[in-house]
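One structure follows; several queries about it will come next.
Note that the chains take the letters A, B, C and D in the order they are written out, and that residue 1 is the start of every chain.
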Amino acid sequence: MTTKKRSTGLTAVCDAWQLVDIDVTASFPIRPYTAVMAEVAKRIANGQMKCEMVHAEGEHGQFSIAHGASMAGARATTGSSGVGLTYAAEVYSPIAGGRCPIQAVVGDRTLDPPGDFGSEHTDCLTMRDNGWIFGWAQDAQEALDNSLMYFRIGEDPDIMLPQIVAMDGYFVTHITQDYEVPDQDLVDRFLPPFKPKFRLDVNNPVIMGPQITPEMGPPLEWDRNVVMQRAKGKIVEVTEEFGRLFGRHYAPFVEEYMTEGAEMVFLLQGAHAVTCKSAVKYLREAGYPVGMLRLRWLRPFPDEALQAIASKFKVIGVIDTNTSYGAAGGGGVLLVETRAAISETPDKPIVQGFTSGLGGEVISHDEFFRMAEMMRKTLEAGQLVQSSTWVNFNDYV
Amino acid sequence: MTLSVEVDPNMVEITVWTRGVTLAKEARDVATLLAAAGASEGKYTQSFDNYVDLPDRIGVACKSYARISPEPIQTFYEYENGHHDVIVLAEETLIKGQRYLDGAKPECVVVVNSAREPEALLRWFEPAESLPLVKALACIDANSFGAGVTLTFDGTEGASDDTKIGAGVGAAVAGAAAKASGCVKLESLLAAADNKKAVQEGWDQVRVLPFCDGKPNACETPS
Amino acid sequence: MPVQYEKIKSVKKAPEEEYYLPGHRTCAGCGPAISYRLVAKAAGRNTIFVGPTGCMYVANTSYACGPWKVPWTHAQITNAGAVASGIEVAFKQLIKKGKIKDEFPNIIVMAGDGGSIDIGLQAASSLFYRGHDALFIMYDNESYANTGIQTSPMTPYGGATTFTPPGPVIPEGKKFFPKDPMLIFAGGGHPAVKYAATASIAYPVDLMNKVRKGLAFEGPAFLHVHCPCPKGWTYPSDRTVSVAKLAVQTGMWFLYELEDGVRTWSRTPSKLRPVEDYLLGQGRFTHLEPEHVAKLQAWVNERAQVLGLTATLPPVH
Amino acid sequence: MAKSYPEVPFAAIVPCPTVENDKMVTGNWRSVRPVVDMEACTSCKLCWLLCPDASVVYDEAEGISFNLKYCKGCGICSSVCPVDAIRDVPELDFID
C-alpha cells in the first residue's frame, strides 16, 4: 500500500533506499545532506533496513567504499555536500569509468570560502564532466522518485553508470513536505535486483582497471561518450514506465509550466522552480507573456528536448544558482550549456542569463518579477540588453 | 579526400634501442649527441625518450629518438619515430626478439653495440621480411673502450640531464653510428661528447657489413 | 587460543600452485614482484587483491592485462583501504542476505609504501580502525618508484632519490628518518588490529606463514614487507635477495610479529653487522660521508634497543 | 582515412590468465640466460621460490628448468643458489 508521509527530501531518499534494499552505504557528516545517513543508521539499528553502513574517514573514503562495494556486486550508495564533494573529486572518474552504478545523494551547499551552509549547485556541477548521470529534484516526492528511477537507469545493463540524486540544501533537504512512499511490490516490479556485468568473483576472476596502451584510450572514452548519449533514450523509457506504474508522470527532461502562449520563459533547475511557478502565475495575471522550463537532467544534458521546444519562445532567461567564474557569457553553467544546446536551432530565442539564489538565498517573488521585467526589455529590444545579470547587482530595471 | 604530402621529407630519424634503466642513459646520450652534433652543423634537431616506454623497467626494451633535418621539423610533437634511417641497438641482445626493423626506411643502417662480427648477428635480424630495406649492419664493441656504464636518473621522466653526455658507452656508439650512416660529421660529434677518445674509437673501429637487396656483401661497390 | 592456519614447513614444501603468473612488466630482479608471488602463493585461490597505484599496479597491468590468476582490482594510490573496506562489507552483506553463494574471500591490499603510510594513510588507518576482515600488505621499496624514484616517508635517511639528490648544500640527500608503520598501525592505536608482522623477501617461508597467519585472524591484519628495488636503490638486479638479507643482518630491517601487542622476534641475530655492509652495495648511498653513516648506525642501534633486541650492536663511529 | 582502433573490453575489464599472461611476454628482455648444472643441483628449490617472474620450473622427475618465454635474466636464481649450480650465459651464445 502506498503510504502518505510528511518528512524531508533526505528522509524520502532514505525511503527509496529502504525500498530498493541497498546493501552498503558509506557515510561522513557534512551539512546539509547528513540526515539521510542518520536516517539509514536509525533504520539499521531498529531492523527496518538490512545494510552495511560504513563510517568513512571522509568523502574521498565514502565514494571509494561505495566503489569497492559495487565492484563486489553490492547495491551501494553514499552522499555529500559542498566541499565534501570536491574533496572526493579524484574518485568520480574511476567509478564512472569502471561502470559502477552506485548512487550518491547530494544536498547542495556553497563551496568555501566563506563558510556557508546554503545551497548553490556549484558543488555538484564540479562533478559534471566525470561521466555520472544526474539532475535535480524540486521536492521530496521527486527526490524519492528520482532515486528509484536513477537506480533503474544506472543499473540497466546497457548503461551501468553512477548517479547523483541532487536536491537543494535546506529547501528540499530540510523543509518538511508531504509525499507518498510507494508500495514495495511495485518497486520490486520496477527495479530488478542489481546484476553487475562483472564482479570480484573468485570463480570468474577478472582484472579491473588495468593500465592501457595509448591507442586504447580513445575507444574507451568513445564508449563512455556513447553510453552517456544512450542514457537519454533509457531516461525517456524509464520515466514513462515509472508514470504508468506509480501514477506520477514526469516530463523526462524538461518540465514546461504555463508555456502555452508564452513568449519568454525562465529556465532553471531544482527547488527554486516551486517559487518560480507561483511568480509566473502572478506575472501572467499582470500580463507578462511568461512561462517556465525546469531541467530534470543536467547530465546527460537534454539538448534535443530543449531544441524541440526552444523556437516556441522569443526569450529564455536562464537562472543559474551556481558560479562558474569567467565562464562564457558571464553567468553560470546553465547559461553556457543552454546557449550551446540551442545555438544551431532555427528561429532560436535570445538567451539571457541571471545569477541568483547564491549562498543559499531565497529567490523571492520580487526577484522573479524583476527578472521577468528584464526579460520583457529584451523582448521589446529584440536583442540582448545584457548577456548576464547578477540579480541585485547589475539589474537594468 | 585528404592531402597527400610528404612531411619532413629530408629529415633523418635515428632510433636508439636500449635496455630500461641500466642502459637508458647511454641510449639517451647517443640520441642527444647525434642531435647536438647535427645542430652544430646548422641543422634542425630533436632528441627525446619514447614516452610510451616509460616508466622504464630494468631489462625492458625501450627507445630514444634523434631527428636531424635541414628544414624546421614539422612533426615536432609527433612523438614516435616511424621512419628510421638509422637504427641503433645499444646492447647486442636486442638483435634477438625485437621488431626494430618495423618502420625502417629503405637504405637504413643498423648499428649494434657488440664485440661480435656483424655476420654473426645476421641470423637474428627481425623482421626478416624488412631485410631488403637495410643498407648496412655495423658493429662496435663500445663496452671495450673503458667507458663504463653511467647509471643516473638525470634526464629521466622529463628532467634535465646534468650528468656528462657521452662519457659512457654512448660516446663510442654515437661515433660508430655517425660513421656508418653519415648522419653527422666526426668533428661535430667530437665537439659534443665528453669522452672524445671513445667517439674517435667508435668512428675508427666500427665494422660495417654492407647489404644489397637484403643480402650482405652482395654489392659491387660497397658505399 | 592461537589462530589455526596451515603452516608452510620449508622452501621445498611451499605450495606448487602459482597465482601470480609469469608475464608482467616489473623490473628484472624486482623485489616487490617476489613479494607478490609469495603472498599470492600463500593466500591461494579464494583471494581478491586490491592494488592501489604504484609499481605493482602500473608494471603488472601493462597493458590491459595482468599476471593474477585471482580477481584483482585497481584502487587509487589514496584509497586502497577504503576500496577494500567496501569490498569486505559487500561480501559480508551479500552473503548474509543470500544474494551470492560465495565463500567469504581473503581480501588482500597490496599497497606500496606511499599507498600505505603516506598518501594512502588515511584510508589504511580507517580500514584498521573499523576492523574490516582484510590483510593490508605494505610492500616497501622505500620510495615512489613507479614515477621514477622519488622520496617517500620510508626512504632511509641518506637515501638519494630524484627528489633528494645529494649536493654540496644537502650532502646527505634525504634528511628525515622514516616513519614506523608497525608502530603507527599496530602499536596500539588501532585496537582492532590483533596481528601485524614485518617480513622480508629474503625469508620467503617466514613471509608466507605471516600471510597465512594474518589471514587467519578475524579482522584486519598488517604486514610490512621489505622489498629491495634494484632500479631505485641502484644495485645489480641479481642482488635483490642478498640486499634484503643484508638489511636483516645489519638491523636496517627487523623481523618480528606483534600478536595482541606482544612482540615475537622471527630472527634474533646474536650480533648486528655494521650498517656500512648494507650501504656499500647500493648506489643510492654512495655519496654518504662517515658522519652520515654514523647517524644511520646510531638510529639502527636505538631502534634495536627500543624494540628490545638483545644483540651485540656495532659501535657508532 | 580514419584510423582504426583496437576493440576494447567493457570498462577495460579483462579475464584473469590461468597459466601465464601471454599479453606481456618478457623472454626478450634477457641479456643473460640461466643454465643449470643438473649434477650440482640439489633441488633445494630456493631459486624456484624466489624467482620474481615464476619462471623457474620445478619438476620432481626433471628437476629445475627455466621458462624462457618469460625469464628476464635477472640472475636472482644463480645468486641465491647455495651450491652455484646456475650460471648466467650471454643470450647470444644461444641461437634460439
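Here, a residue touches a chain if its C-beta (ideal position, glycine included) is under 8 Å from a C-beta of that chain, and two chains touch if they have at least 3 such contacts.
Just so it is clear, the model here is predicted, and its values are computed rather than measured.
S.K.: From the centre of chain B, which other chain's Cα mean sits the farthest off?
M.R.: Between chain B and every other chain, the largest centroid distance is to A.
S.K.: Which of the two pairs, A-D or A-C, is linked by more C-beta contacts?
M.R.: Pair with the higher count of C-beta contacts: A-C.
S.K.: Whole-Å distance, chain A centre to chain B centre, using C-alpha means?
M.R.: Distance between chain centres, rounded to whole Å: 57 Å.
S.K.: Could you state the distance in Å from the CA-based centre of chain A to that of chain D?
M.R.: Using C-alpha averages as centres, the distance is 53 Å.
S.K.: Where the CA atoms of chain A average out and where those of chain C average out, how many Å apart are those spots?
M.R.: Going by mean C-alpha positions, chain A sits 43 Å from chain C.
S.K.: Roughly how far is chain B from chain C, centre to centre by C-alpha average, rounded to an integer in Å?
M.R.: 40
S.K.: Which residues does chain D have that touch at least 2 chains other than itself?
M.R.: Residue numbers touching two or more other chains: 8, 12, 14, 16, 26, 29, 72-74.
S.K.: Going by the touch rule set out above, which residues of chain C reach two or more other chains?
M.R.: Residues 25-30, 58, 62-66, 68-72, 230, 237 of chain C each touch two or more of the other chains.
S.K.: On chain B, where are the residues touching two or more other chains?
M.R.: Chain B, residues with two or more chain partners: 58-60.
S.K.: In their complex, what parts of chain D are in touch with chain C?
M.R.: Its residues touching chain C are 8-9, 12, 14, 16-26, 29, 43-46, 49-55, 58, 67, 69-70, 72-76, 78-80, 88.
S.K.: Under the stated contact criterion, what part of chain A meets chain D in this complex?
M.R.: It is residues 97-99, 160, 197-198, 205-210, 212, 215-216, 218-220, 223 of chain A that touch chain D.
S.K.: Flag every residue of chain B that touches chain C in the complex, lowest number first.
M.R.: 20-21, 54-55, 57-60, 151, 153, 156-157, 159
S.K.: Applying the document's contact rule, which stretches of chain C touch chain B when the two form their complex?
M.R.: 25-30, 58-59, 146-149, 162, 230-231, 234, 237, 283
S.K.: Under the touch definition given earlier, write down the residues of chain C that touch chain D in their complex.
M.R.: Residue positions touching the partner: 11-12, 14, 16, 18, 20-31, 33-34, 37-38, 62-72, 201, 204, 230, 236-242.
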